[in-house]
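Take this structure, written in structure tokens, and hold onto it; I'll ask about it next.
Note that the chains take the letters A, B, C and D in the order they are written out, and that residue 1 is the start of every chain.
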Amino acid sequence: MDKKQPEKIKCKNCNKEIDPDEFLINFNICPNCGYHGYVGAMKRIQITSDEGSFNEMAQDLNSVDFLNFYDLKSYSSRLTEARLKSGLNEAIVVGDARINGFRTSLGVMDFSFMGGSMGSVVGEKIKILADYSIANKLPLIIFCASGGARMQEGIISLMQMAKTVSCINRLRENKIPYICLITNPTTGGVSASFATVADIIISEPGTLFCFAGPRVVEQTIKKAVPPDFGSAERNLRNGQVDMIVERKDIKDILARLLKLFKN
Amino acid sequence: MDLNEIKEIPKNYFKETLRSFFKLEKLKRISHFSGVHFNDAEKELAKKIENYKKVEKEAIKTWKIVELSRNENRPHTPDYISNIFEDFIELSGDRQTAEDKSITAGLGKINGATVAVIGHNKGKDIKERVEFNFGMSMPQGYRKSQRVMQLAGRFGFPIITFIDTPGAYAALEAEDSGQASAIAKSLLTMFELEVPVIVVLIGEGGSGGALALAIGNYVMMLENSTYSVISPEGCAAILWNDPSGSKLAARALKLTSRSLLHMGVIDRIIFEPLGGAQTDPVRMVRILKRYIVLALDKFKNTDGKQLKEQRAQKFETMGFLAESSQDLFSDK
Amino acid sequence: MDKKQPEKIKCKNCNKEIDPDEFLINFNICPNCGYHGYVGAMKRIQITSDEGSFNEMAQDLNSVDFLNFYDLKSYSSRLTEARLKSGLNEAIVVGDARINGFRTSLGVMDFSFMGGSMGSVVGEKIKILADYSIANKLPLIIFCASGGARMQEGIISLMQMAKTVSCINRLRENKIPYICLITNPTTGGVSASFATVADIIISEPGTLFCFAGPRVVEQTIKKAVPPDFGSAERNLRNGQVDMIVERKDIKDILARLLKLFKN
Amino acid sequence: MDLNEIKEIPKNYFKETLRSFFKLEKLKRISHFSGVHFNDAEKELAKKIENYKKVEKEAIKTWKIVELSRNENRPHTPDYISNIFEDFIELSGDRQTAEDKSITAGLGKINGATVAVIGHNKGKDIKERVEFNFGMSMPQGYRKSQRVMQLAGRFGFPIITFIDTPGAYAALEAEDSGQASAIAKSLLTMFELEVPVIVVLIGEGGSGGALALAIGNYVMMLENSTYSVISPEGCAAILWNDPSGSKLAARALKLTSRSLLHMGVIDRIIFEPLGGAQTDPVRMVRILKRYIVLALDKFKNTDGKQLKEQRAQKFETMGFLAESSQDLFSDK
């Protein structure tokens, strides 16, 4: 058989070679050092929700280049590229799902779609998901992964921070629980909006979670930031997250929390 | 919307323009001497150059506004407070760990009614600017303003905010005190309020740090103020390395009052005296006072729940998108 | 005339001799260094409220030695001594008053009555005052001066913290403004209860305002506290008080605040 | 109430007792040899000594309870949590500046219903004790617990608190982070709650730091736990310098469950296994679970507003005082 073996890959953290099959089976976690590698929205949904239970919503919403934003490329071409690269039509996938039998509204961001940046579509999908939660009295669960606001939508991307927080405010008024999962990385406009107003905030180990990224902070304070800057462990110590949970245990902890909230 | 035809800007914008220009000259020369004509190529290049020039012109125009919005002689929050409100009393402290002077908050009267006033404060001289951290707030600043907003909410006082900040402070101590959480909570608090909230962008409206105080039932913007998701410098640093990048980024971000009104992000532009607010601060203050009174009047008879709903409605409908039922990955 | 001149007194802060008449006229403020000396409840009422406007309430409530608390002396004898020394029957005087014409509920603590300590009577008087505020829709103003809970009433003195905060909670629900004035010293059970849940907190300059006093803290941390420990200035910097106002300006600022709250 | 006859205790209590004893012996000797009798004096001294002895005996008895309440082998908050509640999940952080491990907070189930559980945590070994600051909380701890209480309030979860602290942390950093304000806000938050709050004093109930989590609709106290406005040591340091001072202070403060029930500060004493909870922790936990279930049942059908009112009523009626219309200063 001349069928090619998949290429060996290297861990971004410990730099050791990993067997790609093992990496894949192990939820993209380095079997050597436990580093939690990138995992896309679809895989995340697969490992978090009950098999076949996810029903995607609002998949037909697409971003438009309403500012004619030029960059090295136009926003339109970036969107096309991102769609092809990620296999998604935007940086978040939302839908109805079951987690160990508990029905929820589930939103999962994907960093591979333009760095998980939040533009009009991400905001609108979160609104649709929150409205769905309220209408069906379903707990809301969102996995964050984002570099922040989507610059290419200018001020409108900033307004998505307000928009999403307003949705969460209505969720709170309706006494719907909201659990937020912080995955690597979660920064900027997402961390300063819907991510941090959750009832429960759970972080994956080693996740960068901050408002301003380390390089921006270094530029401001003119010195190096500590090596654990923005890390899950530092955030736990600083009171920013409720707990750090390994990827393999997230489904279980979610199910346990859902059981508690389903009083 | 003010659309422009150029969609793609090469990395080194000015060099590229120059190169196009020389290329065009060369084509012209060749056709002159050889008699061979390159009409299509010539036309294309000429159009490209024309567009580049247009973009450049717009960028310079926008940049002037950016500079005006940051002009140190512009009236700042304290100038508006002391000249618009009577009996103003400043309140301090988050009741937790600090008093952050980059945000001024307090109670005052306007047209006989008590209101809470909250605004970024960049400081009037070097000493103050350092003390007030150039208007870049720590989480404690947003927590103080939340405290004052909640106090206003409880007593039914309308809230007026003045936005003027380069952005929230990006420092280790700010991160360790929960900057992200403080901004998010500030947004949440503003959506919870059952009193009228009037927002005025008076200078620099920088990113999340500006938005944190800007959830208004009515949002007004001084003609030469700006409001942006990222500073033009920050944007340019990501997009280009060209020194002219900031100007181009400013134009691309559509951060002027005109663009923002066009996009429905603000409700009103307040025009400034000729040359900018700094040329006649007294008049600027007088004009703004009138608009604040008008804005407050608008919500005089609106009840708390409606005010809250209107604010939610306003911000939840912001966004531009397209719905398509076509499967983007049908060929996959 | 052999009528005696009042004895010269020394400022507790700058140690300079002060003319007692000048000191008295100057609201017990050192004319030399501005140190705000002790001022009793009755004098405080006089300098804060409009002449003749104060009507005392609940002056017949007396503490009882329900624990038979022995000390170097019994609680009963301490109470008798405190009454004679202070000319008051408890550590707080409450009543209806006008401040520049604005009607308010006014409570003033007096440090000379057993260190302004809070026992059952202080708690009850604050309750009566808060109830009066609610019934008559009058803003509540309390001047604090207290070493904390009254040990001689044991657990019941601790319960006064809960009792007074509950009263303030009802005041808040009734949307009645509450302004608290912190005077020297305000510590322990008073600072950790009704004092710090006020809408507006104003401190006199140089006032010690803390939970645990400097000596207790020094015992805990086994080193000296900074010289400005618990000072009004440090508290302003640490976000604990809204403003520092000199004694002579307090009536004016109260009137201005009352005007703002009388919307 | 358990009254005693001695009202004044001399500064050096034991020396004084001894002196009285010798004086009595001397009187007895004199009357024996001289035939002169000092019956009145003898009787008075004998009574004094008897009273001293009674006080001493009581003090020693009380002190044993103080020691039991601090016994390291007593079950602590984590022991109760893990054995009383199912599916417990711990929540961390104040979302502002810190996670304070001296307070454990989270959600769990009891008898099928979700509740929030919050309790002081002194730590189970030296390492934990240092990490948890021996159960002395920073303002951040009280802010975390407020966050969890508010969350419980929003979702209608009853709250169970376990009190076990020497007191709030008395340190510079605690003061600078608003210790007084944090405790006061904690009290305020508990009075705002519209869910049942069940409080259990399980060990040391030290001052404001204990009270901060103890505003309950129903307050229970383990037999050998204590609850006091000041530690016996702190009280003795103020009153006497005698090494026996702490014991006397403990007696004077009436900090035992019996005295507190008598004064109406607590609603129920939960008796411990013979010799104290540490002799049979498993049984202790089982007993407490029953009482918690019973307490929760009590408020099953009470609506939120009523729960809030009952709590206010309960604490606002605490106090002993006399009303007299006589003018104390009539002769002045």
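FYI, a residue touches a chain if its C-beta (ideal position, glycine included) is under 8 Å from a C-beta of that chain, and two chains touch if they have at least 3 such contacts.
Note that this is a predicted model, so its numbers are computed, not measured.
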{"item": "Furthest chain, CA centroid comparison against subunit D", "value": "B"}
{"item": "More contacts between chains, C-D or B-C", "value": "C-D"}
{"item": "Distance from the mean Cα position of subunit D to that of subunit A, given in whole angstrom", "value": "46"}
{"item": "Whole-Å gap separating subunit C and subunit D, where each centre is the average of the chain's CA atoms", "value": "27"}
{"item": "Where subunit B and subunit D are represented by their mean Cα positions, the distance between them in whole Å", "value": "55"}
{"item": "Set of subunit A residues in contact with two or more other chains", "value": "172, 196, 238-240"}
{"item": "In subunit D, residues with contacts to at least two other chains", "value": "95-97, 176-178, 181, 185"}
{"item": "Subunit D residues touching subunit B - in the complex, by the definition given at the top", "value": "95-97, 139, 143, 176-178, 181-182, 185"}
{"item": "Complex contact set, residues of subunit D against subunit C", "value": "1, 3-4, 6-11, 168-172, 174-181, 183-185, 187-188, 191-192, 207-208, 211-212, 214-215, 227-230, 234-235, 238-240, 252-255, 259-260, 263, 265, 311-312, 315-316, 318-325, 328-329, 332"}
{"item": "In the complex, subunit C residues that touch subunit B", "value": "172, 175, 177, 196, 199-200, 236-243, 253, 256-257, 259-261, 263"}
{"item": "Contact footprint of subunit D on subunit C as seen in their complex", "value": "60-64, 66-74, 76-77, 83, 87, 89, 119-121, 123-124, 127, 149, 151, 153-163, 165-170, 172, 188-189, 191-197, 209-212, 216-217, 219-221, 225-226, 229-230, 234, 238-240"}
{"item": "Subunit C-facing residues of subunit B, complex", "value": "87, 89-100, 107-109, 113-114, 140, 144, 151, 154-157"}
